[in-house]
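Below is one structure. I have some questions about it.
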């Protein structure tokens, strides 16, 4: 139904046929080549015995009929997005998934169109153009349908785009409201209901005043990550990306409302609260990571919380009713900040590392992709653990003057990344959000750039960039099973019950994305700053995998 | 006093003379001229080393991490080289004493041993470059340690070649007495090179661990 | 004997002086002499053998955000430029066209945004990224983070066109 | 130095005059002594032991006097130096002085980030109040120097240093880069406009505003040409899509006294020549020649001239 | 000292025939080879010294013409005569050439020529090294001239501040040529300094103890020692610059942990002593001339020597006064103010002592002395403006303005070039055997003196009015027009004066009055032999009996015998007392130093373009060096002689 399975974005499946005991018997049941080479970050979704997958640009949508042997293609939809859109997609031309609601499949194309397709026939129902490629805007996120609205946000924080979240009428495609992430309060949809918990977020038109004059017009804060929805409170939660440019000296101030999380009324879009994880973000610590909603017993009472493993390396537990941070604890080695001051909600910056023009700051951890980038976490109510696919990367960072030319990158930083302490570039972490500590973890050579799925039978699935699809015991972290697939995995595993009533696991392989850019884009590792510095950390990836999109469906015999 | 007159300066027929024919023609050490040339160049090269070391510490003050985003240099080969060159002081010293006694056989033997030590030092030096764990163009730290090491390597290599040439001369002749001064000064220069390896070794290998 | 030495000496001196001969053109700084109109039709960057033009190209490569997509040759949003795979050809005219007209997979057209003589400077620099310039013209490192071996220390590569437009 | 208009310059000038007078006096004394030594009537060489004693005494006295004078100079130097290093009061405003090849950028600090603005090549300061300067450079070493107001401060890439400036009378003071910085070191000048506090504040308020909207058709067309041509890749105009800071910001360019870093007075004709081919005026500068049609050029001129 | 053999003092009869025989043999032994190969093989200090001086003056002329071009460009505001690109090359080459190819080398050249004569020895120590250093210097200088002619000349100022001179802001090879020129001249200057120090310390005639050394020799000693300690600094920093540009090291890249101020520290740690390296020999010249033209020893010899030495030491402690405007901590700056002011004290002492010398003696106003008097008038002014520059607040105002240009031209032209030209007038008869025209000389002086002051005095005022240095043009409305025009007109006079000097030299060389051995009646040993000096300098090495070698010589002064005349033997003496302690043999002329210099130059120039120049030139370099030191026929003879000698001694025993 949705990439994240539920509105709370838990990726927690109640299916229990696959257990730690029988998971070793998993075998490939079906495969399907997408015919596209770039990073496949999408989650396949299964509705009415049909699996829908979306590829990276050119954003083909395939409907596979699971009820037939070999899952043949039911229909294929080609949105024919503009070729030029590839040139403004910051970190590979990915797409993170489609969503199904009311007989329709909703698709975002790279060239800023949201398209509703008839789920059975693949016919276009409506198309709405939301942004302009020439300004650097793209859309890579998976939409979310809440009631009668399709929520869509844009990408392009590295191109001086002004971020927004737009709600479309799911029947007609007309724009219901649009909430910008920078600029005057009326653009941000800040009104009388806006009650942020922390003082620094209160005040009029902070989206203007916390920027140098006019800088908010190309200040980033795009919404390219995940949206969660709490039906009880009728609030949607989503994060805003980094402020632009990366070079912080060109944007003194807190740069509201970037690198933070918004809670908005699902119907009107009015902002209810906002919390900024990285005010005046120095290191491209986007705030787009998925808010995972759960009810946890904290301090003796059950609190409605939102969990976020943020780019800045902290696991936040936030009261989702008002935006109060209950705890924030590092889950990866951190040097860029010295902790989170829970009183003000602000991170304590490490002033020694504050980047200055023309000076290389060394050993900044986590690196720009953060402790965890877009790759979604999972939360199992059964184990009470929060599963984080994380990166262990540090970087050298030099601020340089960024030059705004519409439709071209607006970054202003030279970055080279490398493995963090320990030398492993990734780690799969099980985190106890109540006890605020790591329970177990599996070190991975490459960053864990795939999403996670966990089942009630305590099996957690994730993939690695060198092409292993793994199942681990969700309680102990014991590796139960793994299977090598054709390309590195940067997608999201899903598990579903097939038409035959059996439980299946599906994953899209196809290396790419920011971390896989060296393979997907054929980049040259001799340049340490290639792909904004990520290539420097991944020079050996081309030896480990090649590109190519392929769907794998695993099942028990 | 009146201005001097050329006429008064004409030498008389019988003159006071200072006969220096008895003076030695071959001298070792600072009484001789060669020593001063060698010393002059040692002072110049020593100044360059001092300045390079000063630059090292100056650059150290510019940054917080040292070595910046790089591992510390490996100790093994540098220390091995230190041991080698310190040991080589012995053949150098003996070769020098032999030279000053005009003992050609001794010079040949100990100069050969000195050359062998020198070659060993150069070979070990090649591994030291890998033990630095950085390239010269990585950052200023890499630049200065490569420079320090290379400056010293050039000195070592030059003196090894120099010793080889002298060894050839010792073997083929002609071995004039002044040639023995060359053999002696060669050891002096080798002392100089060895002596500089100590502060450079300490700077390259130990300073990153201490600072 | 004397004749031999004399010849040796003269040859040595002449070879030293001949090193300078290459210097004449590569250091000229053509601030404005460039005939823009004629430059468009030619297949040779007027800055090709010119250190100043190539260095200006390097500066512009950063300032016009070329490095935003192509990084410092390693690529990112755009393809790598320091490897030997040249999608649209490596002739100066090809590169000029890529910059001015853009290319369909995302390279924007810079027509009217970058004046021709600066495009030619960029062409010269792009060629120098794979060492397609004489060594006395290739740029060295910048006063920035070290990202790669400086252009003047890279091994020259022969570009291969990988795609026929 | 001859025409000081600020406390630093005045303190330097006072000190300098004192030094110069002292030097002239010493020079005269030495020259007179020399002349006497040369022209002294003497029959023959004066080799009396008594002469030698007298000479020794005189030389010793001269050396002693030299030492005294030098100590005096050193002391005076330290004293007048004190006033130069630290401002005489709290700074009225803090300005980043950023050196570029070959122009200046003055960025005015403010606690509210959106009130930060830049004023290329023209530094406005309130009369009678110290202004704190943070000196920095983005490329090579430049040196900030306004002879009538203050001494030099080098702008060194990678290093930020603080100094201050103050003018006691309203006026326009010319400053120039004093450290050789490449081709156009000669044409890297700036204007310091010292004005009364209320004028200064009005100026600040005006500078904070976005650019004026084009009023006439020609100006509108000029804006279109500007936005679609080379201009937009280097210059920023606040309130429009032009956001590049490679060259000086043009939001209020028409209100400035000069163009091209003090090279030319800000007049339409100069501006036209500058846009068409700046290389003939300031060879080697970073602005390329622009092959605009005459109509387009006029339109752009009209637009740029409207950015008051 | 007891362990040493002492020379035997006795009386002996030396007949005229003996002397004639000795003369013939010495002439044969110390021959100066002829022919092209011979020309490149010369190892005689006088020949090399003259070549050095002539070469240095050629570069002086070239740099002077460049200066003339600059004044032409600056004569009127907004001049388009020379564009910024060319102007920057011109002023860079002018400064570089004057400092590195004229001022330091010409002073050392004078030392190469005069010091062996003054200390009473037959040649400079390490004569082949001396030849090598000359050729390296020559090739380096030619390289710079050629770059200027090929539009490839450095354009970053003689100080080459990074990052402007770094790889990012000076593309191409212009700055590399500058950096490598430094290497050329430093190699040459350092080698010469070692030779001079060794000559002065070890080859003095018996009796010339340190406290009897002529002041000129003292000044050369101080200079040579300053070179030895100062120049390594700039060798290091220019090599770092070359490495930054060629192989991408990061010494001056602040982003990667380098520092652009590092350059300034290293450069000025050399750069300030450099000024004294140029100026101290001039002090020696002044002392020589004053003493010769007053027929009196210089007043206060000890004070003069102490001042020279003090200048040498203090010169190293004040480099930061070139960096007052960089924003270093104030306390440090004040220290350097104090140090910079302190150096005025030794200079003052010297000025006062000279005045006292003039007071005591009866000056004879020949051209050399007139130039020295001009030196007083100019240099004292330059020195005083130097004291003002040491003061931080004043310096902040006038630093990098024309005031500084005026100041250092007063110090360098007035303090070094005027005495130098005086020195040329003074020693010309010794070098050539002919006197220079005195009347023309005085006209020459007045042209230069007036031209100089018209050119440079207005620059003081321009600087105080705020005109910065190194600008290729200036606006019209600044009130600088008149003074600049005046200055440019003055430069015209200077050019005429310079031309007249050249004319006088050429004319006197061909047609000048023949001078006697000692036309001025001066005191130092170089005046004791014929003019020009014979190839072996001294028929008999003299024994010095007092501070003024010739004036204090008694009628029965001893001479040295027992030095072989059939090989190039020289007397080596003790450092302090010049007690003879042994005899050394100097090498024959050889082509190898020249070839080695060719290879070295090839390496230096090649390494501007590629680091592979190093491996490529190692082999030829080794070949030429081994050839240089490889035993010659003479060594075989000598080995046999020594064996015979040993056998004889053995038999006798």
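A, B, C, D and E label the chains in the order they appear, each numbered from 1.
Keep this in mind: contacts are C-beta pairs under 8 Å (C-beta built on N, C-alpha and C of every residue); 3 or more make two chains touch, one makes a residue touch a chain.
Keep in mind it's a predicted model, so treat the numbers as computed, not measured.
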Seminar exercise, completed: Shared touch partners for chain B + chain D come out as A, C, E
Problem set entry | Partner chains shared by chain C and chain E (touch criterion as defined above) | A, B, D
Problem set entry | Between the pairs C-D and B-C, the one where more C-beta pairs touch | C-D
Exercise. From the C-alpha centre of chain A to that of chain E, how far is it in Å?
Worked result: 72
Seminar exercise, completed: Note: chain E sits from chain B at a C-alpha centroid distance in Å of 28
Exercise. Any idea how many Å lie between the Cα centroids of chain A and chain D?
Worked result: 50
Seminar exercise, completed: Whole-Å distance, C-alpha centre of chain D to that of chain E, is 39
For this session: Name the residues of chain C that each touch 2 or more other chains.
Result: 29, 31, 63-64, 113, 141, 143-146, 149-150, 153
Exercise. Chain D: which residues touch two or more other chains?
Worked result: 45, 47, 157-158, 183, 232-233, 246, 283-284
Problem set entry | Residues of chain E engaged with two or more neighbouring chains | 85, 163, 168-169, 244, 247-248, 250, 253-257, 259, 295
Seminar exercise, completed: Touching pairs here come out as A-B, A-C, A-D, A-E, B-C, B-E, C-D, C-E, D-E
Exercise. Inside the complex, what are the residues of chain C that reach chain A?
Worked result: 62-65, 67-69, 71-80, 82-83, 85, 102, 104-108, 113, 143-149
Seminar exercise, completed: Listed in rising order, the residues of chain A that touch chain B in the complex are 352, 360, 362-363, 396, 418
For this session: Going by the contact rule at the top, pick out the chain B residues touching chain C in the complex.
Result: 137-139
For this session: Give every residue of chain D touching chain C within the complex, in rising order.
Result: 157, 183, 228-230, 232-234, 246, 277, 279-280, 283-284, 288-291
Problem set entry | Residue numbers on chain E that touch chain C, as the complex places them | 35-37, 40, 85, 139, 143, 146-147, 150-152, 163, 166-169, 171-174, 244-248, 250, 252-256, 591, 594-595, 598-599, 601-602, 605-606, 609-610
